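Letters A, B, C and D mark the chains as written, and numbering starts fresh at 1 in each.
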């Protein structure tokens, strides 16, 4: 398939590469064009403008956030320039409110809109092993399923209205942050009682919590350098989107509120360049540990 | 081995049965003696008094809580009556403070004390598939390892001082309650956005959270009847012990504080006879859902 | 003085009236023009457009929120049309971020900007008894001091940069909501122990908490009808602004986070038309009380 | 009246002195007897044993906490030794549960029991300006009213059952801690926006929060040395009693839960010798301020 791809960050470049490997034709655009060069070397075409990328049969948007999509796609009137039968797949983690606005704008334009946010860090994207949440009209999803299959190991359909995929994606990120926080509090309790963090993580990841979330972040916490896979300010952004979605739909989320405070605490202590799992340090610091 | 077993509740009776199956000699005691009958039919001896059970080579205490152990074991001066080379294994979930007191009392008496709290619900106990946390002097643990092997599928040593096993056990129960709460908030958010709870649970338990904690409690939440495996007031008791351990050792645990409030909310709404996962209803109720 | 007044809601109309009474000339504008009629009867001139009101020597903006000011004042390019030596006084409760943007826009235009948010409910505004927080250049404040004196019983200068008045104002609203919540929790505790709410409120408002905040809201809570003086969704808006200001400047505010959850809970239970003190019902409902 | 007085700490010694000044006969007892000397110099009799003090017509217990009362009064069987028509006034801040136990024990013994916890710091006790909460049978209270009048400036009757006075007292301490925390968060927000703490405290204590609670603790926070009037671990103890009372009666108190975490945080950072208002430092520290 002929695919326009906007947004070649740590996640997007791996995803686009997997499309190429699966035999799709990729017209790639990135705000800083040098990032497209690596892809061109693998067979992609570099789009000079986002409009060009929007001429494809399927357009994948993997831009940073609501504002970036608004400034590139909406301000550029790109929805107007797409082919009538194209499908626009927004794979970034965006707000539920903005996803609903995109539903209205695509419907007004008669353009197919699929939301397909992904779960996985950059190495998982490169490996083609993402879990992809997807929502949209079944016939639209069916059309782009080969693309999703090329980028992920599994696709999880969650409904007809695209914004539902964003709801579930935000819910998953909330669960991840909650897992990081609860592990951190358990570790603070353990260390204050002379039980090493390693013991706690070993026990939990081999018994009731033997799941990727706890294994990945348990090991990130034990490592302690918090080299960023997903930066802390982006984590705060996602928790802010979780809370906004809760507020707009009427769901109090006290764990999420508490997480937000801890992200702010971590930023106020200079951890803005670290992985979001560095909120772990807040629980330890509050217990007088380092 | 010759084993005295005190406490034949839903957990204890399954554990004692597995000791019998493994060829150990069990002298069983329970406050209400009729519960010992089923075990006697399987080959156990019924102890008429707790003292009798305390004459064995190894004594396993699976009584309800600190107070019960204090009234049966301490008030009855049982530590004084045990053989000099016996090992006392306390497998109940007790407070860290009480476990430290037991350390002092056993040391004063010269009696071996091993803490071995278990992870798993009654069906897991019956199946002999418990995960057993253990702490105590290595030579004491070694002596009773065959008993632990008969009752559990794995033993997790966490240190020399018995109370450390209680710290880790409370940490694990805290993590379980946190998992229940975070899933519940994610479900409240989803349902307020017309995404069914089933979708959320299916996605999470098949991807990043594919672990027993989420599978078991995800299914308990979806089922919605909250038939008790572990009763809500016992869950509150454990969270109270978590908070007490945090307070005594200097670790603030804000997620645990919030869980405590939700347990009280659930009890105030009449769910005291339900499984502790019924705190799930608090997140939904606060979102105006039922 | 010649005063343009934009925004004649429950607060603004009382404030404008007091300007008239003090002998100032008022050119009043409101989106729905009928609200200006009562003022005209008292001697004000009705502005046909917001531009007209912006021709005065001092312009007071008492519009609802950031968005309304942006759409009326900024989208209408009104800052460009004001006299060079006019002073623009923004008395609404706006976000700290927007107040900073207004600082930049006024500076670029060379127009004097004073932020003067007020404390007091509508009856206090009508009585001319508001407490007025004020920030801006001293020479600008001095110029409009007679106007502030006409509307309030006291002016509290809090700094040179206008946005600081908004910070303090949001802090005060946060303190009010915290007082409401803490009284409500104390009342829930009391009632669960058969001590009437009246007893609690009587004791506290006559001893350590003998202050307007507790007297006013203690009586609102006891009354229990929550007829709106300040509507619940506006309270949530202010707490949202508090949290945003905390996030942007690096201050975790856990009490504010908890308040936000309670506002959402109250809205999810249908109290959107009530006074913001109706968050009081959340603490009672969670305790199983009505 | 002939008054036995047990407990001559910072509060008790001032209260006993005011009884003497009002012409009552005081038989004073304290665990460390040197504290009774100052009172003897003012006309009191030193009791050699607590039993002696319990022979008076009215006995006032101002001991530290539940445990101290249990070990001095209950373990010493003092209730048995009191005169049949004596009134026992417990003025310490004790748990609601223990107060109920005292109700049962006094009823069994046929001894009059009045709970009369006080509000005020040591200087207020010395000045005779305490606010005294009181609960008990009206005829019992009437009998000891002259004593209460000598020690306090006002008596607040809150019910027939003594434990209700303890409920209200704990509620008041909870409100004080909440006021400290909310001021601290507002100050953190202000300081992060370059508004001095002094400005915030000045505005609030002169407007909506012009009450002793905010004036006293606002000034303690501004002073910043936190010289102890009421020590931080005692503050934590009271919040623990608040939470226990909430749990036992079915009232979730999320503000109190959060306060408890902050007390533990403060203790883990070495502030155990400071005034309880030093929890103020937690909000600042979490915002990266000192």
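One rule holds for everything that comes next: contacts are C-beta pairs under 8 Å (C-beta built on N, C-alpha and C of every residue); 3 or more make two chains touch, one makes a residue touch a chain.
Nothing here was measured: the structure is a model prediction, and the numbers come from that model.
Novice: Looking only at C-beta pairs that count as contacts, which pair of chains has more of them, C-D or A-D?
Specialist: Contact tally favours C-D.
Novice: Let me check something: if the centre of a chain is the mean of its CA atoms, which chain is farthest from subunit C?
Specialist: In terms of C-alpha centroids, the chain at the greatest distance from subunit C is B.
Novice: Please compute the C-alpha centroid of subunit B, do the same for subunit D, then give the distance between them in whole Å.
Specialist: Chain centroid spacing, subunit B to subunit D, equals 38 Å.
Novice: Just the number, please: Cα centre separation of subunit C and subunit D in whole Å.
Specialist: 38
Novice: Roughly how many whole angstrom separate the Cα centroids of subunit A and subunit D?
Specialist: 53
Novice: By residue number and range, which residues of subunit A touch two or more other chains?
Specialist: Touching at least two other chains: 246, 250-254, 258, 261, 265, 268, 286-288.
Novice: Classify the chain contact graph as line, ring, star, complete or other.
Specialist: complete
Novice: Please name which positions on subunit C make contact with subunit A in the complex.
Specialist: 236, 240, 243, 246-247, 250-254, 257-258, 260-262, 264-265, 267-268
Novice: Going by the contact rule at the top, pick out the subunit D residues touching subunit A in the complex.
Specialist: It comes out as residues 254, 261, 265, 268-270, 286-288.
Novice: Which part of subunit A faces subunit B closely enough to touch in the complex?
Specialist: The touching residues are 96, 119, 131, 133, 154, 156, 158-159, 161, 163-164, 167-168, 170-172, 174-176, 178-179, 181-183, 185-186, 188-195, 199-200, 202-204, 206-214, 242, 245-246, 249-256, 258, 283, 286-288.
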